[in-house]
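Just below is one structure, and these are the notes that go with it.
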Amino acid sequence: MNYLYFPGCTLYTKAKNFDQTARNCSLLLGFELVELPNWTCCGATFPLATDNLMALLPPARILARAKEQGEVLTTLCAICFNVIKRTNHLIQKDGEKREKINQFIEMNYQGDLKVLHYLEILKQEIGFSTIQERVKKPLNELQAAPYYGCMLLRPFEEMGFDDKERPTLFEEFLTALGARSIDFPYKIECCGSFQSVGTPEVATECAYRILTSAMRQGAEVIVSTCPLCTFNLDQKQSDILKAHLDFKTIPVLYFTQLLGVAMGLEPQTLGFEQNAVDPIPLLKRKGLV
Amino acid sequence: MGGENKIEMGTSENGFIKRAMVIGGGIAGITASIDIGNAGYEVLLIERLPSIGGHMLQLSETFPTLDCAQCTLTPKTVETGQHPRIRLHTYSEVVRVAGRAGNFSVQIRKKAAYVDWEKCTGCGLCQQKCPSRYPSEFDRRMGLGKAIYTLSPQAVPNKPVINPEHCRYFLEKKCRVCEKICPVGAIHYQQEDRLIEEKVGAIVVATGFDLMPVERFGEYGYGEIPDVIDGLSFERLNSASGPTNGEIRRPSDGRIPKEVVFIQCTGSRDPERYMPYCSRVCCMYTAKHARLYKHKVHDGQVYIFYMDIRSTGKGYEEFIQQTMEEGILYLRGRVSRIFREGEKIVVWGVDTLTGKKVEVLADLVVLATAIVPHQETKTLAQILGIHSDSYGFLTEAERKLKPVETNQEGIYLAGCAQGPKDIAETVAHANAAASKVQALFATH
Amino acid sequence: MKIELSREKVHNDFAKKVEWISGQNLFACYQCGNCTAGCPVAFAMDIGPHEVIRYTLLGLEEETLSVNTYWLCASCLQCSSRCPKGIDIARVMDALRMIILRKKERKDYIQISEFPEGFLEKVPQIAFISGFRKFLS
Amino acid sequence: MKKLGVFICHCGVNIAGTVDVKRVAEEIGRTEDVCHSVDYIYMCSEPGQQLIREAIQEKRLDGVVVACCSPSMHENTFRKAVKTAGMNPYLCEIANIREQCSWVHQKEKEEATRKALQIIQATLEKVRRNEKLEPLAMSLHRNVLVIGGGIAGMTASLDLAQGGYEVILVEKSPALGGHMAQLSKTFPELSPAFPGLLAKASEIEAHPKIELFCYSEVEEVKGYIGNFEIGLRKKTTYVDWTRCNGCGLCIEVCPIEYPSPFERGLGVRKAIDFLYPHCIPRRVFLSSTQCPYFKDRSCGRCAEVCPQRAIQFDQKEEKIERKVGAIVVATGFDLFPNEKLGEYGYGEIPDVIDGLTFERMLSPDGPTRGRIQRPSDGRVPKEMVFIQCVASRDPDRYMPYCSRICCMYTAKQATIYKKQVPDGQPYVFYMDIRSDGKGYEEFLQKTIEENGILYLRGRVSRIFQEDGKVKVWGVDTLTGKRVEIGADLVVLATAIIPSEGVKELASKLRATVDKHGFLTEAHIKLYPVESSTRGIYLAGCGQGPKDITDTVSQASATASKIQALLSTDKLFQDPLIAYVDETICSGCGICVEICPYEAREMDLRRGISVVHSALCQGCGACIAACPNFACELRNSSSIQTLRMVDTFI
């Protein structure tokens, strides 16, 4: 079984390692991520102003093109997933907007594509039990804190990813990999998102609160589903150190990186050199690299 | 004192049966039954639990006088139990109703108590010796009950029932301790549900309320944080007959909480996610809770998050003002999220009057969860052929002028089954229902 | 400190515009503050989201447009997900941003030229694309 | 020697938390004549009462002391309990160790325990000399007086009449309906108030069991439960209502117009007119202070034109006497007068009106035919301010209580206003929005959302006139900013207060009122419709502010209580009353003068004073006053009292 796949800008360029590990893992799990031809940027924000039709056109076009290729579209990046899925939902529910959009993009798309996040593919299509069986290097009770962020969960009615107040899908995933999943209250709190370009110190403070919350519960590593969250939580730790003298750093991994470790991919292929806080010492301590 | 009733009535010449059935043995049903009984008519009082008293029996004190709830209620339950014209059918449910005003045929299921109540003297030995313990529903799962139980030592009738889900005999076919210890041989494991038929001329529905379960509130921890409890649980904690003998101790570790947060409108006034209506009693019982707590834990601090303080009854506003003056901090705003952090419960709220986000590290959080109709009310409404609204509350014939009548002649409403109300309003509502029954009987 | 209210002021064009762009009814607001209570960046805001709604409703255009609240909003939707009246507060915040960014004077919140050197190379594309969309006209 | 039993209640922790109940039981148990002394968590519960019954039977007790809460709470309960065990109920006494001991000495446990012991010992002294007594049986009248013809009185009357009892309904104004007749629509359905009310009024007028006295007042009340003697005063309408057919010809010819109190000054009525259009009974009445005939006999056109010859300029007041078994007091409410509100212009700004006045304006049959306009110049108000809690929730200056209905009627009024004046803006200043009835919150939220009513959380400090506008200085506490509105019309939701004359009526009825003048119920939770005087019941706003739904429930509730009371043919009363030692009484008559219940009378033939047992309440005033020690109170004799006092010193 192959899945139509939308990489998005970040995973196509700066976070290529996240993309590559996912592709490699998929093959080990018996399916292939087939890149959507002629894809464009999704726009990275779902327009909240109701009169902003223009911002809906790129994701609409992506959806329309994907529909020509198949029935399911998957993404890795939580932001792309949010934008595409919400647009899909809007096209489904709002006849008036649907008509306008179709006129603009000169296509006829009815909103009938299924949009799934890669984690949903793993759970619904492959099954976490299958993954557990195929894990080459169980994560040895690595104390991993699953950070959901906002984009997968909200708005609940449109995303339908998991329970909005206490999601568990990510935990199940980590457990399947042999890690010990650490529950922490900030797992659904926002990392500051694009404030890292607007008001960076706000994003830094958000990251500080999330990281320390996880550490208080005993986390050794934070695992994220979103490249922007990963950036805010990982790359900002040097700024946090300046603002909070008591702060201790903690590695932050993208979920495909951890999947790669468990599937036994070579550490060199996982792009750890791009992580600001080096996870290698931890992984070594756990006997995982 | 009062009258010595002399007038006996049964059936009038035209066959109109002058005998009423009251469904629900809480304060509403009790009040209606006594009123109808005192007017000289026979009453069947049906209660689904083993004894009467309803939620009021779970309360510690009542606002605004801080009278002990047991003390005001038990004389009424005793009076009901001894009333010459009231026949109690506890541990019973109405299965079927046919006919019309003056001639309803009713089928009642008397649930198997596994105890022969005719023989039982209520000595209580069986309860003492029963080895099975499990969280008691009456104590809101904060205390332990036995598999053979009465709801309280002061229960009316004071006869126990066996819960087969917890009884070792039913589960494992062993034990039989109660059977051995019973001095009168009243234990009867083979007992089965019985269906009985009755004829009545009028029906009062007083099935009362439930609280919306704390498990519904994701943002407040899905009921899984032990020290986040609901209002009725706090009543039990505060009650002398409750699991802590009236000491305010938090469920998780038994410590006395020093920072206590009360949250109003949990599930009420929330059309988007839960119930749009106001539950009417929470503002007052929370103020009462806060004061009772403060009287017991002098160095403790109470925080109350509210949207609007609703103290409309007689003496209520004065009660609220006094509560504030005792140093209880009212914060106008909702609470967005509650989570556990170590031994503390982190409460994220707001004070809209300063516009600031507020964080409280609490030891105990009490949620004033929404009043909802008792779950069986909807089915009962279908059995009776009366209307209920989308929340399940029973619908009165006309909002203003017919607040106890229904769309069916001869069927009347009393208490919270019709909508949230406090005890005083419930009693007046139940009196009114009784008045309608009396008038119906008098005119036929 | 003082507001002079009149029906023109209550049905002010500013509030109407915010309602129109956001698709939300500001009169529906309970002023319960749930949005502020759960906001992850409330610590840095001049006034809470519930106050922004109030200010807008009362036609305090100038004061509303001078606070940082909606610029700090990260559209995480925590407020919208818990609003008892189902108001999508994040849309209200976006509408306020749009009102400023769509003005003739093009009052951008960030200036690309002021980014530190190497910033754009480091930050993921999604961050600056969404940032540009939220902060630039 | 008597054999006595003592039963000590824990009252949960109410007593046992302070008083060492075990020690008390033990120490009392050592008293010589106490052969049974136990404690229990709730003595008033069934197992508690069973303890008492069993002890009486097993130990053949001659007297019982229950140490628990106040006798006003449970004396009855325990007397009933001992009676079922075969003991005379008056051999059972209550020692109040809760209100008078544990509750007031919470921090002094040792002292409290000692005091509890003393209270019980004193009560034992009383029981030792108690006599067996039998209750006094009295006959009763099986009919009812209902005072007040508003929705409360009307509902109670109809319920009682339907229950088969005769009702005398007395209304002080010339027609039924009370304040509800002044209302436009009712919340939350916005259905017209009038049709339902009219249907009830017609039913009352036609009901064979209801005797209706409009324009009448209760002058005198004597007697007691089951046997009240009532004196009514029928005021002069100057119209023979048995003849008047309500044709209205007199109104057409009457030349005098004056501001109608029913229309709250917004409209006029003629000197002879109906109370309001379509009123029931449909009869006119004449105001002698306005009518020129009464000034200088200059007119008299009404008499000339009346086809029924019903006008009676020489009509006299009538006194009517009746005997009834029970009384419902449904005297309703008034609004706090605008004239007392200095900061809102002392009622002198014409465009500042109260809620009832606005109701008249909104009523289709009102003075403006339902058109909303400023009283000052008739213009349609475009800036419309409503102010809540005017003189309510203001303990320092006015009334401390919440008037309960203002939030909802204001939301209703603002909704009707907005429907009529779509380009107008309603503002509501409030402290807390109180919409706690069924469907109220939903109504309120819907109307705020749909009609754009601006709710401002804050009080209004001052209102004054300026440039044809009414300036309103308020605050919005949610932004923390002062608010100023140049309003066209301001509606004040002034406090609900008991209607005029209730205090005097209450004293005639010997019913109690609170400091605001609201009638007090016997118990706020369990006896919300019973007054403190037996046989007198309370319905509607006379007892406290409430909306129509709650008023109707409460009125029906009084009917239920009365039907239970009157379903018997004998009443029984406590025999704990005064008696006279005829050999000592000198016939001085001091007791007759001092008795507040008119229960003492001189027997002129025998030259001594006697006790009217049905009237005596056992207050003891005559005992204290008697110079010869000829009076005693049953089971509270001087010797008993002195022995009780001895135990404390």
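By letter and in written order, the chains are A, B, C and D; residue numbering begins at 1 in each of them.
Criterion: contacts are C-beta pairs under 8 Å (C-beta built on N, C-alpha and C of every residue); 3 or more make two chains touch, one makes a residue touch a chain.
Just so it is clear, the model here is predicted, and its values are computed rather than measured.
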Interface ranked first by C-beta contact pairs: B-D
Chain centre separation in whole Å, for chain D relative to chain C (CA means): 54
Interchain centroid distance [CA atoms averaged], chain B/chain C, Å: 46
Approximate Å spacing (C-alpha centroids) for the pair chain B, chain D: 29
Where chain B touches two or more other chains, by residue: 219, 269, 271, 352, 355
Numbers and ranges of chain C residues touching at least 2 other chains: 31, 43, 50-51, 78, 85
For chain D, residues that touch 2 or more chains besides their own: 445, 478
All pairs of touching chains, each written as two labels joined by a dash: A-B, A-C, B-C, B-D, C-D
Contacting residues of chain B [partner chain D, same complex]: 1-7, 35, 38-40, 60, 62, 64-65, 67-68, 70-72, 74-78, 81-82, 122, 153-156, 158, 239-241, 245-246, 269, 271, 276-278, 280, 308-318, 321, 352-353, 355, 393, 398-404, 418-420, 423-425, 427-436, 438-439, 442-443
Of all residues in chain B, those that touch chain A in their complex: 218-219, 222, 339-342, 346
In the complex with chain A, residue positions of chain C that touch it: 20-23, 40-41, 43-44, 68, 71-72, 74-78, 80-81, 88, 90-91, 93-95, 98, 109-110, 115, 119, 122-135
Footprint of chain C on chain D - complex, ascending: 382-383, 423-425, 427, 445, 448-449, 452-454, 457, 476, 478-479, 481-486
Partner chain D, residues of chain C touching it in the complex: 1-7, 10-11, 25, 27-28, 31, 50-51, 54-55, 57-58, 60, 85
